[in-house]
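Scroll down for the structure; my scribbles are underneath it.
Order of writing sets the labels: A, B, C and D. Residues in every chain begin at 1.
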């Protein structure tokens, strides 16, 4: 394992400390327990939006803390949900009395730890609502499973929910925006090579030189199937078919097209994928009215990408376009 | 070789096409010859700033086209300077009569091709000045070599020169800002693993599992020396020593600290490096007054990073802080 | 015959030892069908448990010691196993009340409450390929042994054997909860890491009882 | 005896062939001490040359054909070798003027002007480990042969042999220009890719002369 780290067990602490030092204009990092909050928080009268989860997905979540998006982010150990304590501390730090929305990726660990934190906060008189993100169509959603995972679509949910909170929506209204965004969002990913969890020391899975893993998650979990390496256009077509089918997109609709890199894939490749995806959607009469291309929800240095579509209406478009001032996403300020 | 591409020889064209489609609000892509210009160009009365070079360093240069930075970017084939034709076409497309500054990374190919383009443009009555970026201290600067290379510091030069152009400076003044920024900027990099040029099909060099290459360039060129893998703090100390010595930084000075990822290294690692660099600088009485952390000048999917310092004065700070609205760097708009 | 606070501490200590010893093996199981951190998660938790246990008054009851395990796991493990195992210890310790001596019935009450706590939080059933596949056979075997008038040591040994068999029996299953559920048929042939660690925890209880009694 | 437009086209054709054949080997040389694209760069250029040459009028002079090579290389190759080789052909073709038949002196004038063009742009000297290390020995050998009254074919063969020896002689050198200069001592032991490709280009001229005369 070759990484630019010191001690595998200090990776998250040192990285978060560096993040705080580099971006002191936008965020404040608290240690023990560790969380990242907006420099200007709590914001009087406004709902706070808090998210978090295992580390290793940077810039998610801390990179989205700031005006118009998250009030706080709670990073756990690499690929492991944070415990309730830092979630509670973050909640207390950003609650302005208008209530707090938790945006939680749908993994058993995240769900349980945020649930416990919510119980503890409610016991202290802070009103908390939770919205689960479960955009990954690679996973069968059924009553008999843990349900779909939350992956790259989390960024879209955090953006629209944060914008709703910023415009002064009530807690229930912000939660509704988050739920509506999640319901309008689907993703699917592919990996060419797995990343290596620092304390594990070897890649989460290994693929042959001519193999790719379709339907990959963001924790090095194996995907849906292994297939021979194809031209990226063919891979994009596969991912897109799964996503558009699940969303039931029809001609005349508008979407946000988000091509997300997994951490080890260069931009030059992501734009090649974007090109095909945009062409294919437009050939089906679906208007790509907003775009995002980059490595926003990563899996350490995994090589691969995911494609996310969000069905846009006027309100979601407005919330997506609203000013945002975070480390990883910034516009209008 | 595993990449998300179609045909190795179509990588740049398809990627630039995707870039143009994804960011039509900010840029316009011209094909045949290929270049990327600001959607709003030429800007009446203002100097235009044009840069370019081999592809594979994304988001450099096209990601920095927009308000307050580049007027146009000219991408060549992967790691190969563009020919004069697209440089001339880009120059013609953005010149508003106030002249055009070329920001050229100091490689023989880039220098010669931009030089030829400048001659052709001057022959058509467009005033062109060129500034070379040569921030890489890994390379000995001497009369008997091609001189130091231009690497990550290019972003800083493009930012300050673009801001100077945006505030209405004359061509000579913009060129002087660029020269001054370059003179105040030094970088050095390290690689853990090389990237693979699409048409080459195998990595540019290979390192053992316990080796790193110090003083790496951004084209898969071998570096200054190979050493056993160390803790990142030790690696940062090496790079920083070379950079601060060359800059002759003394206690009480202010710097921009820029930790740049090479494409395949995750943010979580870059922030660990940033933390050490900031601590070490502050321990020497050098104030880190501005920061940039991310993969801005890459070498395909190379794993590694570079550290860049720019000595800041009030004017360079103001130009660094000035509003910018590009795909990869955006603030204040 | 009963088990006391000394046994409780011995159990917790042995658990910390076995988690440390099996750290890599547990993570490897999790790498096959999950995200490869289960051993790391538990060893982070039990390292903290051991540190905090040192500060516990010498006269603390078994319930108090096990409650400390619960809160420590909840606040240090994270992931799925943190809240689930934490709740197991929390509900189990509550079932023990202030008792200083635990008889066979108390142990059955502990195991039952612990298992119910996991089900309450995680909603898994037997056969879902989770830690429940270790806990539920353990509860059933312990209850049967206690009904037969077995000693506390024998109750724990019965629980441990059943948990171990239960963990092994997860191998042919498709998972319906946790990360392994994403894999569908591809989880078949792999043992569930949480069932394995739970069976190790219950075995440590039985081993501690044997050890305690041998020493005393 | 002289060489004409047929020879010129044969030379360009052979050059395109040899660049295609040596594509990988040239890039491999460049991968050792540069950025691994030299073969790709030249083959992009000469593929374009071949396509454009097809459109050139049959009665074009040698100078016109070689000027087309120059402008095509400049506008398609990029990198360091594009402007340098392009300038070589540009200056060389200018030295030929409107001549339709090239004698030994014309060939020496071509080679000299080509070499001077490269020096003008790239400022390299012999021993800097660049393509100049092929061009300059070629110019010197050609001039010497012409002074001895050699035929055009013999002049080109002398140039080719000297260029080839010059390319080989770059191996022990430290580079002082181009990307290889970044490597310092680490460039020692590797042949300069541009010197190698220039020697192949000059060899193609000699081979074309032999071929043309055998056919006629």
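Throughout what follows, contacts are C-beta pairs under 8 Å (C-beta built on N, C-alpha and C of every residue); 3 or more make two chains touch, one makes a residue touch a chain.
Keep in mind that what you see is a predicted model, and the values were worked out from it rather than measured.
Colleague: Treat touching chains as neighbours and tell me the shortest step distance from chain C to chain D.
Modeller: Contact-graph shortest path, chain C to chain D, evaluates to 3.
Colleague: Taking the mean of the C-alpha atoms as each chain's centre, how many Å separate chain A from chain B?
Modeller: Between these chains, centre-to-centre, one finds 29 Å.
Colleague: Approximately how many whole Å separate the CA-defined centres of chain B and chain C?
Modeller: Centre separation, chain B to chain C: 55 Å.
Colleague: On a C-alpha centroid basis, what's the spacing between chain B and chain D, in Å?
Modeller: That pair's centroid distance is 33 Å.
Colleague: I need the residues of chain A touching at least two other chains; which ones are they?
Modeller: 78
Colleague: Check each residue of chain D and list the ones that touch at least two other chains.
Modeller: none
Colleague: What topology does the chain contact graph adopt: line, ring, star, complete, or other?
Modeller: Here the contact pattern is a line, an open path with two ends.
Colleague: Can you name every chain pair that touches?
Modeller: Chain-chain contacts present: A-B, A-C, B-D.
Colleague: Along chain C, where are the residues that touch chain A in the complex?
Modeller: Within the complex, chain C contacts chain A at residues 27, 31, 33-37, 40-41, 44, 74-84, 121-122, 175-179, 181-184, 186.
Colleague: Provide the residue numbers of chain B that touch chain D in the complex, in ascending order.
Modeller: Checking each residue of chain B against chain D gives 54, 76-85, 107-109, 112-113, 115-116, 138-140, 144-146, 149, 197, 199-200, 204-205, 217, 219-222, 224.
Colleague: So in the complex, the part of chain B that touches chain A is made up of which residues?
Modeller: Touch list, chain B to chain A: 2-7, 11-12, 14-19, 21-23, 55-56, 58-59, 63, 78, 190, 192-193, 195, 209-210, 212, 229, 231-233, 235, 257, 259, 263-276, 278, 288, 291, 293, 295, 298, 300-301, 303-305, 325, 330-333.
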